[in-house]
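Next come two complexes built around subunit A: one with subunit B, the other with subunit C.
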Partner chain A sequence: MVLEIQKPRPIWQIMFSTHHTDVGLLYLITSLAGLFMGGALALTIRLELFLPGSQIIADSMTFNRIFTVHGTTLIFLFILPFASAIGNYLIPIMVRYKDMAYPKLNAIAFWMIPPGFALVWLGFADFGWTAYAPYSVISAPGPAADMWIFGLKILGVSSILGAINFIVTILKCKHPDLPLSKIPLLAWAYLTSSLIMIVAMPTFAAALLMLLTDRLGVSGFFNPARGGDPIAYQHLFWFTFHPEVYVLVIPAIGFMYEIIPRFSRKPIFSHGSGVAAFILLSIVSFASWAHHMYATGMSFTEKTVFMVGTLAAVPASAMHVFNFLATMWGGRIRFATPMMWSVGGIALFFSAGAGGVVNTAMPLDFITHDSYWVVGHFHLFVMGTIAFGSFGFLYYIFPYVTGRMYNEKWGNIHFIVSFIGAVMVFFTQHVLGLYGMPRRIFDYPPFPEWVAMNQFASIGAMLLGIGAAIFLVNMIYSAAKGKEANMDDPWGIGGKYYYPYQQKNPHH
Partner chain B sequence: MSGHSTWPEWVYIGVVVALLVWVGAESWNVERLIDHVPADAEVIKVTGQQWFWTFEHPDGTKEIGELHLQKGKPYKFEITSKDVIHSFNIPDYVVLQDAVPGRINIVWFVPKDTGEFPIQCREYCGLIHYNMRGTLYVEDTA
Partner chain C sequence: MSHTEHIESIFRTSPERTAKMMAIVLGICIVGAAIFFGMWDYWTSAPPAAGKMSKAESATSIVPTGKEIPLSLAFVESSDFRTLAFNALPGESNNNPEIHANVGDKIIFDIVNNGKSFHAFGVTKDEEGFGSIISGSEVKSASNPLKPGESGQSQFIPSEEGSYYYICTVPGHREQGMQGKIIVGPKQSTETKTVQPTGVSHNFELNFVESSDFRTLAFNALPGEEGNNPEIRVKAGDAVTIKATNGGKSFHAFGVVTNPEDPNSLVWNSAINSASNPLKPGEFGEVTFTADTPGAYYYICTVPGHSIQGMQGKFTVE
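For the complex of A and B:
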């Protein structure tokens, strides 16, 4: 077992270890660094937009760099490493193997993240996390843009190595007595999201190289002045990053599948339907990428195809929601902190999905596209669903990592403050989009509706910031001085819904 | 396997799919009508560049940052860009189409009310993206 706090070790023993829980801990700490750094940038953006005019950021270039690094950090340096952290801790245990399939590859995959992190932050590029051509080719200042490209290249390779490791661990290293159909849904989540990653990511890797050679002036793939097509970049980009959305959200749904049955004191309503929904999502996730591009001048037929492909992803997501609710139905629910985050996450997941249906309906997309509606929409996924699921799971796994209990009361307060904050920010941003406010703007005209809604959203963001501060203090204090956890049943749930990760791993 | 009935899940999935089919069919139908540009629409050439909009009327007159149109007449915008991707947007009339260098994108509308309406850029295009704004003036024909 890990129990870092009870059995202190010199830090290099953790850093140079290839053991899955040590690598998991490194991933976890890195992802939390990404969370707080990216979150600080988010608060800066919201403070700047509290009023029209320049507030705390001197010029638009700084603002543009901030929203770029904000998005890049939270996607690649918080959500992805967090999922890898949890996967490293639990996947070997869930498939009953002594470690990940390739422990050294695992450590290499982690150690590619710090250089990528450094390149993104030292460069501080300005073209948005999407780096659309031809702006990124002819207009974005270097070396920031080039450092971003190299940073993302490294992070992409790291993700692919991690995904290979998860797939091999689950498929090849699981205990022979354990059929694939019986592995927990969290392991299914990692299997499907890793498969998506392997299929999707190489396209972006290619696009990054093309972008780099375009910037160096030796090619013109995306530069219309040299006969290239900037829309081709968007196709390559979204062919990776629409499926990537599912890579981000599927582990979070897996977290909820761990937490909800245990705290409802009931088995999962349908394991089979959860597996089916994961597999469906991993397939249809590749059928919808160009719904990000309706306004680029697509034909009616193209738009129709991608609308249908997008709508096809909804039933599978809805199956997960049904499964959660049916599991909770009639259960004796214990609303401890992890359960609160999961239930809040489901509520926001549902809202985000409903908003997504509006986006993909072709005529309505021309109202919402590139407006604050879209900002609100995808933040309901990445913050409301994925980060909420991740917070819940971090509280859930806290006793396993540290051997201690977090402070339950402050955990509850963290959730309540954050839930109110998230609703205030992201629901308001939807409405702001309907009033026509574009994304990625440093300053806006003082229309009274825009000012009022921006202020409301900024107050919500401050609540999220307060929640994050509470969370940080709770984690640090409890890891050092928290009560020792009852490792058989840290929440006193009782019965057979014990804390599952205590089972002795014979290889340790 | 687990002994509970699965019909509620099938009913639920059925309802979700029915809703999606309805949304899809309705969008298809509306978009099909919007896609059809009226034959008598007057062509306005719109050019985006960092960081302003240029409008060219059929008689060759050009306007920068301002666009004067007449109420009740259909207009067809032919949109392109001189440098990076912009997005031509009149939010009050749900006019939105990217200005892509090397391509001409088309969108049309009929101004229904007189008055002043904001024009803006909806796709990130660099330093002054936030202020790549203009004004649409809709005037009475009479």
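For the complex of A and C:
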């Protein structure tokens, strides 16, 4: 489990290894690079919006490029690789197999990420992470836009290969003594999210190819000048990326399923309901894509269908939340850093879900559509739930990866600062949306309410930035000179719960 | 399944290893940043081919009359922001002035934002909405509007008779009153043509042909064969009728131009179909026009790229 599985090796041996922990480490470092680079862009955006008018960004084109790469990076180069990193570390151990099912495929899936990373970051395309037609077809300047399309293509293939690997590892390589119903909920999370990925991702891969040939002028799928339909692109895009939201959030929920019982010193309240909720989420994730498109002139019937399909995700999500609460209830909770992140993540997950119910009600959607409400809602989910779960799990796995302990006090401060910051930014953005501020704007009229709320949100973003700086220093310093961790029980929790680095469950 | 359990000693990360890994990550980022910023202008230098084509298609052949109509417009708002208008609020004089022009006249707009909100200017043929703004007529846009006090200039040459509207392109502002009418009358020639029709008419037949690998395109016969891209010579004032047949397997369209590499430099309404609505294989079309000005012209296939591949011939007016 630890970084140095046998003995200290040259770094290039780790880089070109196919062992699951080595590939996991590569994924982890790449995803953290993505986190800090994408986060720096977020801070640039918030600084620009601190006051009306142009502050630090010269023109709106540069602003568009920045938020495009910000979104693309944090989704495809932070959240997804981070989930793959943790899966690589833990899934083979949880299903008690020596490695991933296809170690070389695993390494290939990782090594597709750096070229994708380079293409997205060198080009800096300007059409938003959604790349909506017709702008992306007839106006977005190349080669940046073409590089983004190729980069996403590569990252998409990488995700599909990773998903295949997880599914085969879990279903075919688990220990024969271990029934599928008994594998930990984190492994269930990876199984369901990988299944969603495999069904959803090829659609976007096809849409990207169509977009590319449209841009070259040899086809006209989405080009109205050639009889194409830009709305078709939105359908293809959201058919992939609404389920993709669940691909992002399900591993984060799985992380919480590892952390919460451990630090509550209680077994999980209901393993079965967790499994059921994962399966339910993976099915209903495909019934809601067009709720992103209510404003494109859909019929009342279609809107109703997608509204009901979206609301169907609420019970499944609530099952997870209640499962967490019931697990914590009556437990002797130890609020170590990973537990704080998980509990904070649950609180924000609940808030984001409540906002989502408002969004999916189609009459209300017309008020919030394309406003800052949407930005706030989406970010509350990805930052408040997914990134919080990921931060918690990174602190949780840190001693097992490095053999050293992170600084608990600075970990707590990171959480507190980030929690306050996240609430300040993303709750405020909801209200800004209701005050009419459209999303993706570079400049805004100096209405006093808008200015005040934007400044409040920007201060929150600075708090998130300060938290991230504390986190970075803590990680680097602790990896180099941190206290040596007690590998049997880093947090001194006691009890007989098995820790992920152990090869064998003590209950067996 | 193979699975071994053994007591292993624990190895922990060291400061040297951490520093090495950080150096690798930072090094990659610095090299990447050097490439990115070093080539800053390159990354957004090439507009997509699809966009270039649709621009080429939308441009029509307007012969400017040379007459210029200058016009100053100011965005104004009522104090409660509910009523918006150009120059003056409704009920006052000079509110949303109506413009009368003829096809080919150049209207020059001088736009200034005298309000407190953001505005942008454009001319459209649509009776409602803020889409399909005629290219060239816009001053800023809804996403990058004129701020209070700012001003800008644009021009517009109507290409057909009828009504156009000048509007504020910020969504909603047109409905609140920011729109005015441009009434375009028929083309009036300010000068009499130097050449009178001669009454002579010519008929030419042209055939689009392609080499089997589609790399070489030509009229009537491929290069090297007899009758390849025949030169057409007429006298100024002659009526010319062209019958173009698509004998190839691809899509083609016909036009007489001044620059063989630019399908937009079309003259005399000589087009048969267009790149967006081309002749399909086997179809043919006819056009009759008067070659009124002497000079050297070219007849080409107006589908972008085809004239460069060889579909062009000389058209000389004496």
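Heads up, the rule we're going with is that the second predicted complex is superposed on the first by the 493 of 508 C-alpha atoms of A that agree within 3 Å, B and C clash if a C-alpha of one lies under 4 Å from a C-alpha of the other, contacts with A are read in each partner's own complex, and residues count from 1 in each chain.
Simple rule for what comes next: contacts are C-beta pairs under 8 Å (C-beta built on N, C-alpha and C of every residue); 3 or more make two chains touch, one makes a residue touch a chain.
This one's a predicted model, so the numbers in the text were calculated from it and none came from an experiment.
Annotation: superposed three-chain arrangement on subunit A; subunit B versus subunit C shows a clash. In the superposition on chain A, A:Ser288 makes contact with neither subunit B nor subunit C. Once the two complexes are laid over each other on the shared chain, residue contacts for A:Val357 go to subunit B alone; subunit C is not touched.
In the superposition on chain A, A:Met307 makes contact with subunit B only, not with subunit C.
When the two structures are aligned on the shared chain, A:Pro8 is found in touch with subunit C, with no touch to subunit B. When the two complexes are overlaid on their common chain A, residue A:Ser139 makes contact with subunit B and with subunit C alike.
Judged by the touch definition given at the top, the superposed model places A:Ile441 against both subunit B and subunit C. By the touch criterion stated above, A:Met61 is placed in contact with subunit B and with subunit C alike.
Within the superposed three-chain model, A:Pro176 lies in touch with subunit C and out of touch with subunit B [touch as defined at top]. Touch criterion met: A:Lys481 reaches subunit C, while subunit B stays clear of it. Judged by the document's definition of touching, subunit A residues 60-61, 126, 138-140, 225, 441-442, 445 lie at the interface with subunit B and also at the interface with subunit C. Across the complex, subunit B is touched by residues 60-61, 64, 126-128, 132, 134-135, 138-140, 224-225, 229-231, 267, 269-273, 295-297, 300, 303-304, 307-308, 311, 314-315, 318-319, 322, 326, 357, 361-364, 366-367, 369-371, 435-436, 438-445 of subunit A. Those residues of subunit B that touch subunit A in the complex are listed here as 1-2, 4, 6, 8-9, 12-13, 16-17, 20, 23-24, 26-28, 30-32, 34-35, 50, 83-85, 87, 89, 91-92, 94, 96-98, 100-103, 105-106, 118, 120-131, 133.
Considering their complex, residues 1-3, 5, 8, 10-15, 17-22, 24-25, 29, 32, 35-36, 42-54, 57-58, 117-118, 143-144, 276 of subunit C touch subunit A.
Put simply, subunit A touches subunit C in their complex at residues 2-8, 11, 29, 33, 37, 60-61, 65, 96-98, 118, 121-124, 126, 137-145, 147, 173, 175-176, 214-217, 220, 223, 225-226, 402-404, 441-442, 445, 476, 479-481, 484-485, 487, 503-504.
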